[in-house]
């Protein structure tokens, strides 16, 4: 775990980004040198609709403190309809996590276009702050994964 | 029941059907086992009463692939499961003859036992009253107090079948289907977490909920498939307890007809239907009223969308406290 | 076990200034699957690439991880490098150390830590990579155009012009579509027939084009490059080969009182008829419903007078099956039915007509030979009121939510033409907004107002009723802020347009997606406006959305150029990162096909064999030539039978694991 | 014999807890299970049947075996510690107590299962005579006396008093340690206990399954029973879930699994069910492909295979849990009744 008495809590954040919009948006944040904490690690997926709720639970199991899914804005999906499905699926998943009493703020969906480097960086900064305030994910992880 | 038996005998006699998927009496006055009666074997041991709770539709996946025509008895709630299975191409309808039968709600023997009635040797039904004979004395209970959880909020009327056998008029209990879900939603996240931990930690992963579920009729479940990456046989950590039930609820979301079998068969009495109903409630509220199995054509809410759908962030606003 | 090589790029100081690249390479060496790791200034340079190639040979590597800039920058470069080194190009993974690490973080320690995680993530994914080979498929060099209006005609001509065979399927007895019914076209006011009919003749005489008129597409199978269509040729009871189009039959036909569709029912035609003089093909058709021979068995006059024995009463529907590489949808539109607009009096008051009927009234070949005469008494009206947006831009369920786009301009055209013929006539136009974006469009509209003194009233019409032989139009004048009732002799309703009623079934047949209004959806609203998301299906004309003639023609040409681009290829090379279903796990529930935007998934019922399994099952099959690899199906599949190559469930979970380690 | 009033029972628990872990039937979310005793636990010694049997104490549903730690390209193997705190499991009924003997015959035979053996060594079983047998009970069919369970300590719960009678050395040792919480029982108490036993016995005789006939399962007609056509009827409604297996006190099959923690592997074993379609799955596929075969296996094992390897002892103790819990009400009693007579009878 990245918690240390001397160090402040550094959350583990997994960001799924669609290849056509959000991943490019993240790249743009990079080429525009917009800072966000190194705790965010991005996984490239073809489309937000590729993200299975299983992956999100998997991240929590392994000790992630927050998971964010970024895709093209509704209506702009490279595959025309993918993010519409992702939107419904994630709405359902998040409401179930909330229902089970798991902090709903640990999960998030944000639409980031290829032009929105600034939005990407801002979203990440904001999300990290939120997760930092929540503290370590204790409710939805497998203790065996703790080193 | 006599009308059902007469109808079956008539259909056996005129060659319409070869087999009947129904329930058979057991060792006690309350255990009923799904059974396939044949024309040759006759209806020996056939029963239809307050204890025939099993949803028979799932058996048709295998039965409809056999030669000859099988008659299936469907309670109103089961007709939805049947439709959903047909919609998903799981049943060869040409080999099935559907008969809808009336239902006044089924009695949950576990509830009797929880009321302290152990050693039950006989249960006699007299209208709305049950006389339970036990080794330790007789007791009388109101039928409506011991109905299966799934029957308490059941407002389902039978969907179209090849044949419908009507029953006497009967006023269904009308517990609000989502009342308990709403109670949970009204709790604080910590309370909800505690509630579900307590419930889900009872799970012994016997898979009864999954195997009885008509929507969980996949050839190999991801939890049984070593190549799926999430296979697991036991709840070796509390995460696994959550994971299994979240994924299961998600996989049946938009497909679950709310037949309630999962909760009924859970040996640990985990109210699993509350997970499914949460999804049903969310779907109804966010995407419009939807009843899986209402017909065999419509697309499920998670395989369709509208451009105006709400954003997942709605959960932050409307979710529980 | 994989033998992975990790190559950490400095990108000059772009990465190296913030990330300790040597430390990343050292960390890589500790990964179980890594057989070689190094860092270098510019991996994408000639020498960087040869370093990779050498390492692959020397260390017998099975795959490579490049920790460098974004994969969107150099993934293709390194795939080629891998290929040159004898590896499968898909045995390459990129760890994005520049855009998503060194450029966004300042603290070197943290950035290095993250870079190591990103490297490990790429290694973890690559460990599960499989060599992928893109599928190839052939292309049938023939196109099918569904619909023979101006959109279909233009698309067909352009495709034929490039040297490819084209078939047009038109459900009506003649091609020409709606444009053939128009009188003049805005804003130039040239006669529609004068510009359309030569094109129809071009189509008829082009030896690359086959017209299946009075025909409908019954079934379409296959996928991009390899469609098969079954076309129903409806019995017209006239042999197209024998008929010379002399017209003797139509003159002699005794059944003369049948509403003439071409003239919007404003006059009558015979039971055997040619829709209009310039019809292509110019072959009559028998309207069996009204034909005396068909109704009573007696008559047969047309057969008697036919000089070429072309009348065949015993003709039956026939079917043609043909292979196509591409399909263009050009199914066009119809004005909406006004049954639910009772307050406007259409259908009850004879002198309330639609714009398309007015086109016919003004047309020299129309029922009144071009004289504007009231349907009720055949008299010339003194005052005409035009009502715009009838059924368009509405909120209620009887109305369309969209703007029909063409009505503003054609109403201006009607007004101008009317005033031009009959300067003494009064012309009022009720409108919500006047929308005139287009070259010379606004000028045209202003001419109507300024030059021709057409009275434009901003306001909606609430009711139309008859009083003392007059048609009373009750509406609001929003600029004058008053209610008013106008006494008119003739009212013309600018009726909303909607996709042709066959569009939905064709959309289903082609698995081409449609919006809620039944307009076909384009693959991308801005960047791929003439393609359907379903590969090999193209959109031409109003089937995609309301548009006028010039727009339709340009879209038709664009669709044709896309088709030509496809047909010019000998082989289609697919994207190897496509979905695939495991028959041992799939049970054919049908959910994946529901979410596939490309119609790439179908189901077969075949024997499945595996350990302990040998039975007939229904299972999903993905057409790799059509699948674009979005992955929507993979998540919909509860059994995990559907997976996406290059982004498998296991690979993504391995990435998650590596990140959370 | 010693005694303690149920009003003071917490003192007994606390005394035991001082030196050992204590497992008791504890109610949580409406169900009673054997679980570790805590101060706020709702102990239900009065409940006849826990959902799962007591076998968890010695053969837990999942149990860590060993660990592999990955360090770069090195793998460290960390064996189990072999150490464990002594524990007491209390409130075990006669059927479950008998099941330990059945499990012993499997796990304490060479090669000895060291994990099981350790738990057996560290565990002390406090059994409790049954009070209110249920319609699903049929332990007497297997020669078990519900009123005389076998364990280190036998207890009787009669009229709000728990009577405590140490049987073995182990039991006596514990009793000595905690003797201060008990009072001595007198002749009057003995009479009460005897009366209660007689009452229970009388009910046992009246139970619906009291006279189940096991004579056909005598080890002599294995193939005949195996090939019996009637299995095809019996299995048909079976859903292939593992409820019967997991509530069964004598089912003993397990699977060994690895859990990848990201830093290494935790190897554990967990209960498996022969009713599952992936039971004993091997590279070539599955030994028993159909549910009929799987269903038959379970009952053949309990009624034929196990007895033929264990001096005729059946691998069923008649606890009736499967009778109560099967989602489709198919169970060993129906199998015994069907298969217990030949087809032509």
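Labels for the chains are A, B, C and D, by order of writing; each one numbers its residues from 1.
Throughout what follows, contacts are C-beta pairs under 8 Å (C-beta built on N, C-alpha and C of every residue); 3 or more make two chains touch, one makes a residue touch a chain.
Source: prediction; values computed, not measured.
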**Contacts common to chain A and chain D (chain labels)** = B, C
**Request:** Could you put a whole-Å number on the gap between the CA centroids of chain A and chain B?
**Result:** 36
**Asked** For chain B and chain D, what's the span in angstrom between their mean Cα positions?
**Response** 30
**Message:** Can you work out the whole-Å distance between the CA centroids of chain B and chain C?
**Reply:** 44
**Prompt:** Counting only residues that touch at least 2 other chains, which ones in chain C make the list?
**Reply:** 595, 636, 649, 653, 657, 660-661
**Asked** What positions in chain B touch 2 or more of the other chains?
**Response** 220, 222, 229-230, 236, 302-303
**Asked** Which positions in chain A touch two or more other chains at once?
**Response** 53-54, 58, 62, 75, 81, 85, 89, 142, 144-145
**Asked** Linking chains that touch, what shape results: line, ring, star, complete or other?
**Response** complete
**Message:** Considering only the defined contacts, which chain B positions touch chain D in the complex?
**Reply:** 26-28, 31-36, 54, 59, 114, 118-121, 135-136, 198-199, 201-202, 204-208, 210-212, 220, 224, 232-236, 261, 264-265, 267-270
**Request:** In the complex, go through chain B and note every residue touching chain C.
**Result:** 87-90, 216-222, 225, 227-230, 251-252, 299-300, 302-304
**Asked** Any idea which chain C residues touch chain A in the complex?
**Response** 70-72, 96, 98-101, 103-107, 110-111, 113-114, 117-118, 121, 513, 521, 523-525, 533, 577, 595, 597, 628-632, 634-636, 644, 647, 649, 652-653, 655-657, 659-661
**Item:** chain A - residues contacting chain D, complex
**Value:** 62, 142, 144-145, 147
**In the complex with chain B, residue positions of chain A that touch it** = 53-54, 57-58, 60-61, 74-75, 81, 84-85, 87-105, 107-109, 139-144
